[in-house]
Structures are given as structure tokens and as C-alpha cells.
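Note that the chains take the letters A, B, C, D, E, F, G and H in the order they are written out, and that residue 1 is the start of every chain.
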Amino acid sequence: MNKVDIRNLLQKVKNEELEVEAAIDILEDLPYKELGFAKIDNHREIRVGCPEVIYCEGKTVEQLKSIIQYMLTKENNILATRASEEMYEAVKTICAEARYNPLGRTITIQKREDPLTASSYIAIVSAGTSDISVVEEAAETAIILGNRVEKIMDVGVAGIHRLLAKMDIIRGAKVVIVVAGMEGALASVIGGLVDKPIIAVPTSVGYGANFGGLSALLSMLNSCASGVSVVNIDNGFGAAYNASIINQL
Amino acid sequence: MNKVDIRNLLQKVKNEELEVEAAIDILEDLPYKELGFAKIDNHREIRVGCPEVIYCEGKTVEQLKSIIQYMLTKENNILATRASEEMYEAVKTICAEARYNPLGRTITIQKREDPLTASSYIAIVSAGTSDISVVEEAAETAIILGNRVEKIMDVGVAGIHRLLAKMDIIRGAKVVIVVAGMEGALASVIGGLVDKPIIAVPTSVGYGANFGGLSALLSMLNSCASGVSVVNIDNGFGAAYNASIINQL
Amino acid sequence: MNKVDIRNLLQKVKNEELEVEAAIDILEDLPYKELGFAKIDNHREIRVGCPEVIYCEGKTVEQLKSIIQYMLTKENNILATRASEEMYEAVKTICAEARYNPLGRTITIQKREDPLTASSYIAIVSAGTSDISVVEEAAETAIILGNRVEKIMDVGVAGIHRLLAKMDIIRGAKVVIVVAGMEGALASVIGGLVDKPIIAVPTSVGYGANFGGLSALLSMLNSCASGVSVVNIDNGFGAAYNASIINQL
Amino acid sequence: MNKVDIRNLLQKVKNEELEVEAAIDILEDLPYKELGFAKIDNHREIRVGCPEVIYCEGKTVEQLKSIIQYMLTKENNILATRASEEMYEAVKTICAEARYNPLGRTITIQKREDPLTASSYIAIVSAGTSDISVVEEAAETAIILGNRVEKIMDVGVAGIHRLLAKMDIIRGAKVVIVVAGMEGALASVIGGLVDKPIIAVPTSVGYGANFGGLSALLSMLNSCASGVSVVNIDNGFGAAYNASIINQL
Amino acid sequence: MNKVDIRNLLQKVKNEELEVEAAIDILEDLPYKELGFAKIDNHREIRVGCPEVIYCEGKTVEQLKSIIQYMLTKENNILATRASEEMYEAVKTICAEARYNPLGRTITIQKREDPLTASSYIAIVSAGTSDISVVEEAAETAIILGNRVEKIMDVGVAGIHRLLAKMDIIRGAKVVIVVAGMEGALASVIGGLVDKPIIAVPTSVGYGANFGGLSALLSMLNSCASGVSVVNIDNGFGAAYNASIINQL
Amino acid sequence: MNKVDIRNLLQKVKNEELEVEAAIDILEDLPYKELGFAKIDNHREIRVGCPEVIYCEGKTVEQLKSIIQYMLTKENNILATRASEEMYEAVKTICAEARYNPLGRTITIQKREDPLTASSYIAIVSAGTSDISVVEEAAETAIILGNRVEKIMDVGVAGIHRLLAKMDIIRGAKVVIVVAGMEGALASVIGGLVDKPIIAVPTSVGYGANFGGLSALLSMLNSCASGVSVVNIDNGFGAAYNASIINQL
Amino acid sequence: MNKVDIRNLLQKVKNEELEVEAAIDILEDLPYKELGFAKIDNHREIRVGCPEVIYCEGKTVEQLKSIIQYMLTKENNILATRASEEMYEAVKTICAEARYNPLGRTITIQKREDPLTASSYIAIVSAGTSDISVVEEAAETAIILGNRVEKIMDVGVAGIHRLLAKMDIIRGAKVVIVVAGMEGALASVIGGLVDKPIIAVPTSVGYGANFGGLSALLSMLNSCASGVSVVNIDNGFGAAYNASIINQL
Amino acid sequence: MNKVDIRNLLQKVKNEELEVEAAIDILEDLPYKELGFAKIDNHREIRVGCPEVIYCEGKTVEQLKSIIQYMLTKENNILATRASEEMYEAVKTICAEARYNPLGRTITIQKREDPLTASSYIAIVSAGTSDISVVEEAAETAIILGNRVEKIMDVGVAGIHRLLAKMDIIRGAKVVIVVAGMEGALASVIGGLVDKPIIAVPTSVGYGANFGGLSALLSMLNSCASGVSVVNIDNGFGAAYNASIINQL
């Protein structure tokens, strides 16, 4: 609501085309629209079908169930991350088409099937088979947000030829997610080979001095390749959310 | 060089349209093109005018000078980061149009003036006046890479109205760089207000338990806003390089 | 017991109004009263009804039960923190009116119902639904210490309009407790919007690089807003105890 | 500006008592008043004479000088923290009555001499003589914010009788700042002896495993005494700002 | 075996009082006696009855049982630390007089009842009731090593009068063990009140930013009181072993 | 495939000794041979019998079983590390001769019995009995890679004579693996006594401030003995793999 | 002042042998005598000649000078640690016999020459020549506190024979200080060879991952030898103070 | 000196072929030969020409000069690491042929020119130009220890084609040293491409979250490639010493 909108509204009140009480209702919300509710509105208009995302960690099964019950009254896709199998069982009782990814620990309810970005895709590249749960969380997130996804798994730098054999599909993406634990070197190597935005996800996979993902995190932050930015350890969801914004620019 | 290219080349050799020695020259480079030199070639074709970036830390004035002397024989813009004033004095003796940004500690030699992305821009938002050197490094980098830049400085969350007054210009950007030290909260707040990719740069500004930027770094990695990815502490260059890739998609 | 008290006592001995043995009993405790028991006496006089607080972690059910049995002989409210459900079952067998808050993990036995501070209140603001157990521990503590409490939950900075909509109730408090995990930015944002003492509680909620609450802790310590002080990670009790002292000044 | 205010304004427009353009001016600012500028207004009304505080670290002498030049046009006290002697020399050229505390590294320009809180005071207690610069920063801040201050120095726990001899003056304060490096035990000991809000400031004073103040910081956060909250390492300013809010409640 | 011993031995060989083969046996062992076995010999002579200590963590029940079976053939007291109840059950089947301390998690088999140091004793002082398992491990160790022990528990600095009331018994000890978690301030306070060697044991007791005992550890290392040395976190055994050496000097 | 090879190939095409399609097949693979697949080929030729190593952590029993089923079709030894007993049970159903080391948590399937390096051996020295699982992982790895192994266990520096008694067998090795937790001093002591490459493995064995192996890790990295290099915490496999390369030089 | 003393005093008041005002004076001081000042009195009587120790870090030359001027009026030895050469020059102007140890950075003024403990001595053992400044600080402290000292330097574990050659003199001490940087292994090795209390001082000497002494500190805390306790990094003074208490038991 | 040697010696004493005093001299040293001096003897016999290495950090110019003066009386090469230019100037006055490497900060005095290992060589590979000082320290060390060296610089993974172009020379080495800062990914990539022992040296080169080399250190320790072991941060000397032992096996 800009200066012109306000002038029009006031003119209508003056011309008695608009009741004072009706104008109050509109103007009273004005601050919030400038700051916050306006953001949500934009979201509704711009990201049609954008799912409300539920972070399940620390929620009870009952809490999750009632949140989803409410969401089902809307038209959007639904994504729940870090969901347990038990949570899924509860959700299924209120929504038969809910789907569970046990590796990625996601519950998804997809109402619109067609990807928003058929022409471009997000590549999700991972270093080892142990990173799979993060890859799956990222993939489920990206898909539910309306993106096409290509997964390239187990191409860690210890056998770099495996990576090189897949460079075509990686270079073809609009944005690349790199998932790696241990020393996280994969992000730097891909960063040196492609000219696309790279979102690196350190994982907590590894022996002792991995320190819960710290080694991969510091590696990726210190990447000598310039096009790499980083999200939190094991945060497949965050990487995919970022990638989706870029892919849909 | 794909299968078809190889067939054509071999056919020419067979038809004696191409000398064996000439074919050797082409094929001998083949592996590297698949892996590495091809990358550089693509760079030449796609990012015309992309400057070679020189990281000055740990280099002598003489080393820097000879690198730039060589680069001046090419057509590209030149960017040197973390450059001292003394380095700049040396560079000026071989290139009068070199420009120095003492806050950002960059030397730039700009051969092509027109931004590549006149229609879209990168917003660089900073929390406090002390973050200025990182902002300047980011801005110089973004500009030399061919982007239009808008700087919004000193809008830290302790006086959030200052930030809100600038939301229009931030929301108008294609990609947003957020520079903040101390608790780095600015990234999360902006992340909750705009729907653009946000690249957060933690800075080493702050009192004791800032631990050289660690507090802002962890804050940004743990941002509750989903569209935030992070680069290294004080790495204005890296943030701008990332932003440039996205801005030029 | 001040100079005047001592003079009176001695005068009574001199006047044989007081037996030597009786005076011994009183004076023998004198040192402790100046240092320690005196503190307790002041407590009795000033904070009437102040509960003795029991930190249950590391105690057996039997130990807890016998401590509470002893306390029930006094007039004060009783608060036990970090109590398990099993502990509560045991306490109920000796005190039917004991109340358990399963989220906050507190047992409370409230003998006096009326808040000491009806006119002012403590606002407890939290960033996300996952911080709820810390909020509940803080709320139970504040109430048992005789304060009125207002809880404002799930107003994290990623959707800042939710927070802004609640500013009236936050600004109305005499002291504000801010509970937040992840990047803990909420403390800084509120610190910039209200002019009341803010006690920040970092929580251990979050993904990998949260490092058990370290990210929120460092954030809050480095807050760019000046009115913020910090207690230990997940220490809802400590925050409420602090807030209570201030609220009852 | 509440519902009633808006109704009155609209009524005036309807009654043609107010021009549309004048109403636009008022309503256009509405959001900011609800959020941010209103905060500043409240500040002006409530904390009359509250100095604008300048954090000098990372600012040039010229920047500082021009900020103060501007501030001198207002009626408020001025405080600059982390100021060098060189900065002070520059400030003196534009304001002869500026005062420099070389230990606390503060520049203060005091326009109103009378403390706002003559009846109550802030006690600043420090463990050792090496903590003096933090004590001085805190004291200068508290005074310029209009508080009476009592300093009790060098009463570290290694000679606890020194502390006990000063308990009267500490107990008499409305709020207590405890400044301590090394193991920071002073905060806990005082926390066990007084029933006032205690704001602890860890300092970076100490041998090797002090790790720049980390030992005192962790100590204070883990204080077994319940009334202790903590600010950043060496942050005398922040502690005093907090104490001032509480002292002036 | 010193120069004189060797001369005597050689003289005996020369005088044919000693067979060459017998001399070989003695001299062949010489190196080890100088380095290692000599140490064991000294142990046998000096610390008669010194128990062989078994650290149970990482050992199987069977391993422990067979080690103790072997030890029972000797005359010494036996101490097993970090022992589970299950281990104790197994040990009881081979040694009925074995005693288990479930708090300290020690198994002890005491063959000689009389303390070696009846005249002097070790004081074990602890801050809170949660430190009890470390206190018990220390006490069991000290007793089995032949020391008299006095335990003073729950005298943390938050209620310093409790500590002061017990100073006589603490001052009477020849060496003092201080066990404290959280901020570990007790070590410094006692260090300032007694003139005996103090061995501080940080414990892993506490809320979040205790970081597994790190806060108490750093506190104690940075103690402003000069007579404090520190052992590992929760290492009640090590503290008692140290104290025993000093007590028996 | 070098310059000469390419010339010969092209000459054959020119002379029509080689079909164009056949030449395509060879040249098309050229890049990969230079980089990656060639590496694998070299491996096959050079390290005949080198087992494919499977890191079981994070894999399901089914995944492991199908990987081993595939491997059994080849001639090589097989090693699976970090394998659970349950995994072993599953593997036994498809390969009766599979062997499980419950301490080292390895599954091995050895097809060729004779060690490749009968003349030289790897010494694996450990400080305490608690390090045994790492020793066993290292030993199983070294043996399956074709090395002779000598284990010297429980020779920690607290009883250095035990170590000195075994120096002959340690000095006789071609390469020495030192496994130690706690303070990891054993690596330095051996490093000062032998003139062979020493690979140190820190273990996560120890009390509190061991911090999951950090103490031993830092110790070993800071060894004052010059011939020591370090692998990850608890990484017996990595140490043995390294040692095997050196032993087979 | 015990129960009997109080009874006597009261009896005198009752018998009018003592004025009420005089009794007030005595009783009013009672608390402090029980707690703190009494401690100082004991100190004066027991540790006659104990020097007041001045920690110079963070003090000005003038402050130091006036402290020493005051101390010179007493009979005690004087020790100032972490003193600069400039400080020494200033002290010399008021006390010609002051002595400076430039390696240990101590100023000492010794009034009584004879060691208190001629019959026993403290051994100070160091690993490398770079640890010399800590050794010197410890030695000066021990001597000024009245102990005989033996220094054994440069016997690090990388050449363990150097250490073994000196075991006699180490074993002869009543208490042993071990000073070591890098991996700090020396403490464990000596701990395994002698049966005396060992006080370990980690030093900040070393390459990168020494992290300012952290590696040696953690090593020593995790020592597998049981008789080792630890003081702060580079804290030669603290080690010697501890050793002196033990040596003079 | 084995059993046979001792028997012969004793027989000679018995036969009076050897004086008792002469036998004492030999036997008195026996222990040390078994433990320590024997090591030195082996060194003399086996590593002829091995330089005594002097670590200059923390030594005075005078100390260094007198150490070298002594060493010049022997036949060995001399290496001083971490030497300043000023130290070199002093050394030149006593040994004209001393050579200084200002990047590697080494002083070398080479008496024997011919490499001991002409047939094999050590490859030293570095990621960036900023790692050069570590490379030079490693190279000087390896050469003075008698090895042939090949340096391959600036082949970081961000431009992996540069590395691939140099694989022949890297694969040709007997042992490979990899020097890298930032994320240290180079070690893993080379580890996946060659089948030689790789010694990784993390360097302290990099932006903020490099934390003095911690990022590269953790990366290398967590390398997914199996043949990588690690030395301390910036420890070029240690890496070369290790490599030399392996190269000369």
C-alpha cells in the first residue's frame, strides 16, 4: 500500500464512498502490511503452491497432526522435515496420500504434480553413500517446492574420475547442491569445474576429528573455489530452499 | 569435443585433409579439455571481461607487480584484493588508471565501463559502520565483475526501523549480500523479509566473545530464515563473486 | 543484627533481663548471620514465601522426596526443576497438591496464591515452538516466586511481523525474558525495540552448527542492542530468578 | 497511534477539518512509528539527556569528530567508548569541556551534572587491579547515563575477607556490576551474598588458559548463584547500560 | 645398582666367589632396574599394601574378573574404578569381601584395615550434591591407599556461610581435594582461605555452557588463588592418588 | 597413452589398418584413462589382491550384503570396517569363510593366504588395553592388505620399562603404528627411540578433558619427535592402509 | 573466638568488669575474625617471611614502584612476576639490591638468604630450551619462597636417554615441577618413573596446532600417570607456589 | 651389547685380561646404551651425514651462534629452521658458506653435496602461492637430509586441470608431501590419484574461519582418501623429515 493507495482511500472517505469504519479496518492493518503481512501476501501471489514447511524436531505427534490438519484446508503442498516414522503413521490417518521418505525423514503431501521449473533443474551431488539422508531431505524439499532435481551420488574426490564422468549433468544445472562429510573437498573441486552457484552442505559423517561436521563445515567455508556458499551441517532442507529461490529467479 | 567431433577429425586424417602432426596437437589436449582447460575456454566465451582475481595476502609487491604486468596484456578487468597502499603505489607505476579503495583494500583496473547487468542489481546491506571494509571489498568485486550495486549501510537490528525504511531497495535486488559482525542477526531478519537469495558475510567486528567472527558465523549458519547461505568471515570478495554468478544467471 | 541490636542485648545481660546462656545462643550465631544466615534471614523478611529451589538433576527420587518432606514443614512455596515424571509420582504421595509441568519439567507446591507483583509483570518471549520447555521452566519459576507472567511464543525473527504485532504486551512488561535457539537473533531485535532490562536465554535447539546452544549463546553475548544480558544455555530457571529480583525491586 | 487516533483522523478528513495531503503525511509515517521511530520518540521523552553512544573501534578520527560535531548541536550528554588518546585530542579541538578517561578509554561530554538517581546507586565491584580498565569504562558509562556509582576494587575471592569487609556498600546498591577475569568466581560469591540483580562482566585478564576471557565467561554463565546474568567479555559499557536501565526502573 | 654395587659384583667374579652365569643374570637386568623395574621395586618397598588400580571403562566383565583373580594371590588392597554393578556381581563370586560403592562406582577389596596416616587426613570438599559420585570415587581411592578422609559436602560458594562453618575441619587437613562443577569457584575460595596444597577436580555437572566440565576446568586452571593445581574432569581417582602421595610424604 | 601412442594410432587410421569406429572407442576413453580409470587399472596391475574396502557405518545390512555379493565374483580379498555383529551374520549366509573380529569390528574374506611382505613387517604398538579395538582394526586391515604384523600392546609411558623391554621388536619393523588415547605420549617416546616412519593413531579413550580424542590428537600433532605423522581419531584402518603402502614400497 | 571466649566476655559484662561499649567493639569484629582477618593473622604468624607477590601484567611502572616502596617497610622477601626490564630500572632506583631475571621476567628482593628447606628440594624439569622462561619464573619463585631448587633442563622425551641419565636427581626431590610445551609428554613419562607429587606446567611453545599451549595442557590433564596435577599454561609461578607448600609441609 | 658381549667381558675380567676399573667404565654405561645412547650410536652409524636440526624460535642469536660453532667441529650437514635474517647474519660471521632461504626461513650448511637418494625423489606439491614458505622449509629440509626434491606449486583444486597436467611428476615420486591451506582439499584429491605415501601439511593461510590452520588440519585428518597422514600446521620441516625416512627406507 503506497502513497497513491492511501490518497485514493482518503479521497473515498472524503467523498463518502467509503465508511469510516471500513477505512479503519484497512488502515489499522497498514503497518503490518508494510512490514510483515505484506511479505506473506507477496508469498501467496508469487510462490503459488509454496508449501508451509514444518520442522518436526521437538514437536509431539499430536502437535504435528493438528498443524497438518489445518494446512490440509489450504491449497498448498506440505513438507514436514525431520519426521519420524511414528509421525508419518499418524499423518496417514488424516491424509492417505501423504508420502514418507525414510532416508530423508520427510513427509510430503503434493497437491500439484507439475514442476514449476521444467526447463531448468537443481543438481544434488554427494560425496559418499553415507550422505544419503541429507541428499534425500534436499531432494524432497526441492521437488515439493516445484523444482526438477538430478541426483549424482557417491562421487567423492578420492576417486575423482567418477565425478568427472558426471560433469555434463552437473554443468547443465542452474544451481548445484554439494553434500559432503569428512573433509568436504567435493565442494571446492566442483567449484573449480562449474560456473554456477554452488550451495554446500557439510554433513556430520566421519571418524573422530570430524567433530560432528565441523571439519566439513570449515572446509567448505574456506573453499579456495569462489562460487561456494554454505548452509548448516546436515541442513539438506536449507540448501534446497536456497537452491529453489535461485532456480526460480 | 564430443564423439562427433572426434569422428570428423579422424575422417579428415583418413582423407588426408588434416596432417597427422596437426591432429596430434588437437588430440593431445583432449583430456585436459574434458576436465580443466575446457573450463577456462568456457570462461573465456561466457564471462567475457571476467577479471582474473589476485589475492594479495602473502605476496610480495614485486610478485603482484609482475602478475599485473602480464594481465595488462589481456583485455580483461583486473581485481586485486587485500592489497596494501604500498602495493597500489607500485601498481600505479605500471598502470596509471589503476584505482585503489583504501577501505576495501582493493586495486581495480576497469577496461570496460558498462555494467553487464544494468537491469538487475545486487544489494549489499551492512549492520554497522565498522563492517565498512567488508562492504567495500564486496562492492568493488561486484562492480568489476559487471554488476550494478546498491549499498545500504548501518541498518543493524538494534534500530530495526532504519532497516524497514530501506526494505524497498533491498526487495528490489535480484540477490542480497548481508554483512554483519557481532551477533549477525541482520541476516535472519532480512531473510524473513525478502524472497531473494541472501548471501551472508560474518565479520570479525565485535567485543571479546565474538572470537574473531565466530559468533556471527554460527549465527548465520543457524539462521531460522531459510533463504540464507554463508561465506567465510570477512570474505566480501567471495560473497560478491557468488552474488555475481546468481545476478548474471 | 546491627550495632544497636548488640547494645540492646548486652544491656539486657547487664540488667539481668537475659540469661548468659540465652545470650550465648544468640551471639554464637552472630558471625554466620553477618555472612550467611543473615542472608537467609533477610530472605525470610524480604522475600516472604520465596521457595527453596531444588535442582533435581543428579538426585535420586528418594533424596528429592526427603528434601520436600522437610520443606513441607515450612510455610514457603516449593519449586523443583529438571524433575522427571517419576519424581513427581513420588512427591504426590507425600503432597497431593503438588503440580507437575511436563514441558518445563518442574514440580511446584504453591501455598500462597496471590502474586506479589500484581501491578507489574515479566514478559517471556520465545522464538520458536521448540523452545517451549525452557519457556515453561521460566514461567513456572517466575510464578512460584510471586510474579505475574505473560508468555508470547513463536515470534522468531524470520517472520518479524508476528513479533511486531505483540510489541505492546512486551513493552508493557517491567522486565523481558527472551528465549531463543538457532541464531538467537530475537534478543537483539527486542533489545532494539524496548527500553526494559532483557534477560536472554540461549537454547540448545537447532541443526548441526548450533553446537548445543553455542551459536545462540555467542549471538546473545555479542548482541548489538545494549540492554541485553545473558544466562546459561537452556537455563529458564536462572532467567526467571533474575527477572523476579528485578520485577520486585 | 491507536484505533481511536485513526478514527479521529479519518473523521477530520471526512469533516474537511484536515486536508487530504496533511492526513497522508501522518498516515504514511504510521508504520514506522509503530515499529521504530516511536521507540526513539519514547527515548526522547523518557530518558531525557540520554547520551548517544559512539563505539570508536574501527572508526577514523575524522569520522568520530564529525559525529560529535553533529551531536553537540543537541542537548544530550555524549559518550564515546574505546576511544584512543589521539581521538580525544581531536575532539578537544571542537569541545573544550570533553573529558578523557585513559584507563576506561572513554570520552565524555557532560551537559547536565546532576545524577538522575541520587537516591539509589550502582555498585561496581572488581576482582583485581588488572580489571581496572573495564571498571572505568563501566563507571563512566553509568555516570553519563545519570547514575550514582560506587566502586569497590580489588576484592577478588583469593582474599575473601577484603570482600566481606565491603559487603555493606555492595548490599546497599540497587544493582551490582561484578568485573572479574581469571576464573571469575567473584560473581558467584557475591551472588550468594546479596539479593540484588548482578550483572557479571568477564574480562580477558589472565594467564594462558584464560583464552581471551573464555574461562571467566564460562564461569559466570555457569554460576551456581541464581541472580547472575552476563554480558560480553570486557564489555564494561554494556554492563553499565544494563545496570542503568534497572537502576532507573 | 650403583658404581659400588657393580665393583663389588665384578670383584666377586674375579675372586671366583660368583659364577659368571650368575653375574650375567644380575647384569642383564641392570638396564631395566635403572629405568623401570627399579620403580616397581621401590613401589614394593615403599608403598607396601598399595593396591593395583584397575580402570574398568572399556574392559569386559570377564577381563576384570581374571585380573582380580590374579591380584587376589597377592597381599595388596585392590581398587577397581568406573566399575558397573554387573562387574561387581561377577567379582563377588570370586571374592565375597569385595565392596561396591554405587555412587563412586568403585569395587574395593581391603586386606589391611588400619590407615597408614592416622595422624593426618585428606579433606574432600564438594560444592553441590550432584558432585557426589566424584567425591565417592576420590574417597574410596584415598581410603584404599591408606589415608584417613574427611568429607565436607554441599558447601558451594552460593551460600558461603556453609563453607565458613566448616573451615576448621578443612584447615586441619594436610591436603585438600576440592570437587566442583558449574563455575568451579569453590577451589579459588578455599585456595584463599587455607595454606595447604589444594587439588581441584572439575566435574561435568551443570547446564548447557558447562560443556562437559570445560567451564569448571578453565575456572580452576585460572584460579586467582595460588595454591591450586588441577586434575582431569570427573577424575576423583587421580585427585585422591595425588593427595595420597602428598599426605604420605 | 602418450604422444607416441597417439601418433601410432593415427598412423594406423591413415594406413587404414584401423577402422575409424575402433579408433573412436579408444580415443573416447582417453581422458578418463589419463585421470581416473587409469588409476584403477594401475591398481589392478600393481596391487593384485588388494581388497575393496567397505566402510559399514551408515549402511544397511542389505546394502552391505549386496556389495559383498558383487565383490565375491572377483579374486580379491575383502575388508569391511565398522561392521556390526548383525552385519557379519548376514554376510556369513553368502560366504561361509567370512571371519569377524568383534573387537576390531571388521569382516574379512581372505582368498590368498600368503603375506606379500614376508620379509618385513608392521609393528602396531598400543598404550593401554582400552585401545584394543583400534589395534584390532589396524591389524586386520594390515593383514588383509598382505602385510606381516607384530602387535605390542599395553606399553604406555606410565610404565616405560614395559616399552623398553619390547624395543627390539619395534625397531625391527619397517614401519610402526602407535595407538594411544589419553595424552598420546607414546608416539613421541617411540619417535625418539626408533628411526622408522611412525604413524600415530589418537584414540577417544579417556576421562573428561580428553574431549573425544582431541587431547591425544593434539599431542601427536605437536610431537617433539620428528618422525611422527598422524591419522584421524580411532582410525586404525587409515593407519594400517598408510603403513601398508610404506611397507610395500 | 569460641563459645568459652564469648561466655567469659559476657560474664565480665554481667560482673561489670567490662564496659558495654568495649564489649561491643570486640563482638562487632567477631565475624570478620572468624572469616577473613583471622586468616591474615594466621598467615603472619605461620608463614613469616612469605613474600607478597606482585603480578605486574596490566600495572603501570608507577603503580609497581609505589607498591614495592610500601613493601620495603616490611621484613619480607619481595617477588614481582611478569615484570619488564623498564619496571626493573624503576625499582632499582628505590632498592639497589633488587635483582632482575630477564628470562623469567621476575624482580626479587631477598632479605633473608637462608633457604627454609635446606634438607629437601624442588626439582624443576623442562622438555626443551624454549621452555626456559617458564623454568626461570618457577625457579625464582621457589627460591624466594625459601626452597632449594634443582634445575634439569632440555630432557624432552624425543631423546629419552637424556632424561634417564638425570633420574637420580629427579627422584631425590620432595616434589617435581615438569615444564613442557608441544605435546607435554614429559609429565607422563616422569609420572611413571617417580613416586613424588608432580606439578605439570604446560607451555605455549610450539607450532600451529599447539593452539597457545592447549595441546600440552590437554596432554597433561589426560596423563596416564596418576601422580600428575596441572596448573595454567606458562604459569611457572603457580607451579612453584604449589611446590613450595608441599615442600614445606 | 648383548648377552654374548657381557659374557666375554666378564670372562676377560675373570682371566684378568681386563682391569676391574676398565670393566666398570664399560658396564656403567650399559643401561644407557640399551635405552638411549645406543639410539645415538645407531644414528651415527646409519644416518651418516644426518644434520643436527636447530629449531630457532625462542633462541637468542648468541645461543644459535654458539650451537653452530660447536656443530661445525663435526662432519655433518647443519639445518636451522625458523631462523631470522638477523640470525643468518650472525652465523655468516663464523661460517661463510652458510646459506639462507628467506622464504623458508632456514639456514643450511651443506658439507656433502651428493644426494643420498639420487634414484628416487620426494614430490612437494602446494595448493597456492601463499603456501610457499612452508614448501621452502620442507624442500630445504629434504635436501639437507640427502634427498632429491621436485616442487610442484600452485596446483590447488579450484583449477584442477593444473594439477592433472602435473600428475606424471607426482606419480613418479617415492613419497609425496602436500602443502595446502584454506580447505586443504588438495591432499584428498592427490590421495585419490596416486598410490604413494602422502604426508599432508596444513597451512595457516586463509580468511577468517581458517582459524590459524584448523580448517585445513581437520580436512586433512578427515581425508576420504586412505593414504594420507598429517603433520602439524605449517610444519614443513616435520613433513620433510618424515618423507626423508620413507624415501631412504
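Note that in this section a residue touches a chain if its C-beta (ideal position, glycine included) is under 8 Å from a C-beta of that chain, and two chains touch if they have at least 3 such contacts.
In UniProt terms the chains read A, B, C, D, E, F, G, H = PurE domain-containing protein.
For clarity, every value in this text was computed on a predicted model and none was experimentally measured.
Comparing the contact residues of subunit D and subunit G by number shows a mostly separate set, under half of all numbers used being common to the two copies. Averaging Cα atoms per chain gives one point for each, and the point farthest from that of subunit A is the centre of G. Between subunit A and subunit E the centroid-to-centroid distance comes to 56 Å (mean Cα coordinates, whole Å). Rounded to whole angstrom units, the spacing between the C-alpha centres of subunit E and subunit F is 39.
Each chain gets one centre point, the mean of its Cα atoms, and the points for subunit C and subunit D are 25 Å apart. Separation between the centroids of subunit A and subunit G, computed from CA atoms only, is 60 Å. With touch defined as above, residues shared between interfaces to two or more other chains in subunit F number as follows: 31, 34-36, 39, 159-160, 164, 192-193, 206-207, 209-211, 214, 217, 221-222, 226, 232-233, 238.
Of all possible chain pairings, those that touch are A-B, A-C, A-D, A-F, A-H, B-C, B-D, B-F, B-H, C-D, C-E, C-G, D-E, D-G, E-F, E-G, E-H, F-G, F-H, G-H.
If you check the complex, the residues on subunit H that touch subunit B are 128-130, 132, 159-162, 164-165, 205-211.
Considering their complex, residues 31-32, 35-37, 39-40, 55, 57-59, 63, 202, 204, 212-214, 217, 232-235, 238 of subunit A touch subunit C.
Within the complex formed with subunit B, the residues of subunit C that make contact are 127-128, 156-160, 181-185, 187-189, 191-193, 206-207, 209-211, 214-216, 218-226.
Chain contact summary for the complex, subunit F toward subunit B: residues 3, 6-7, 10-11, 13-14, 16, 20, 23-24, 27-28, 30-31, 34-35.
By the touch criterion stated above, subunit D contacts subunit C in their complex at residues 34-36, 39, 42-43, 46-47, 53, 164, 174, 192-193, 195-197, 199, 217, 221-222, 226-233, 237-239, 241-242, 245-246, 249.
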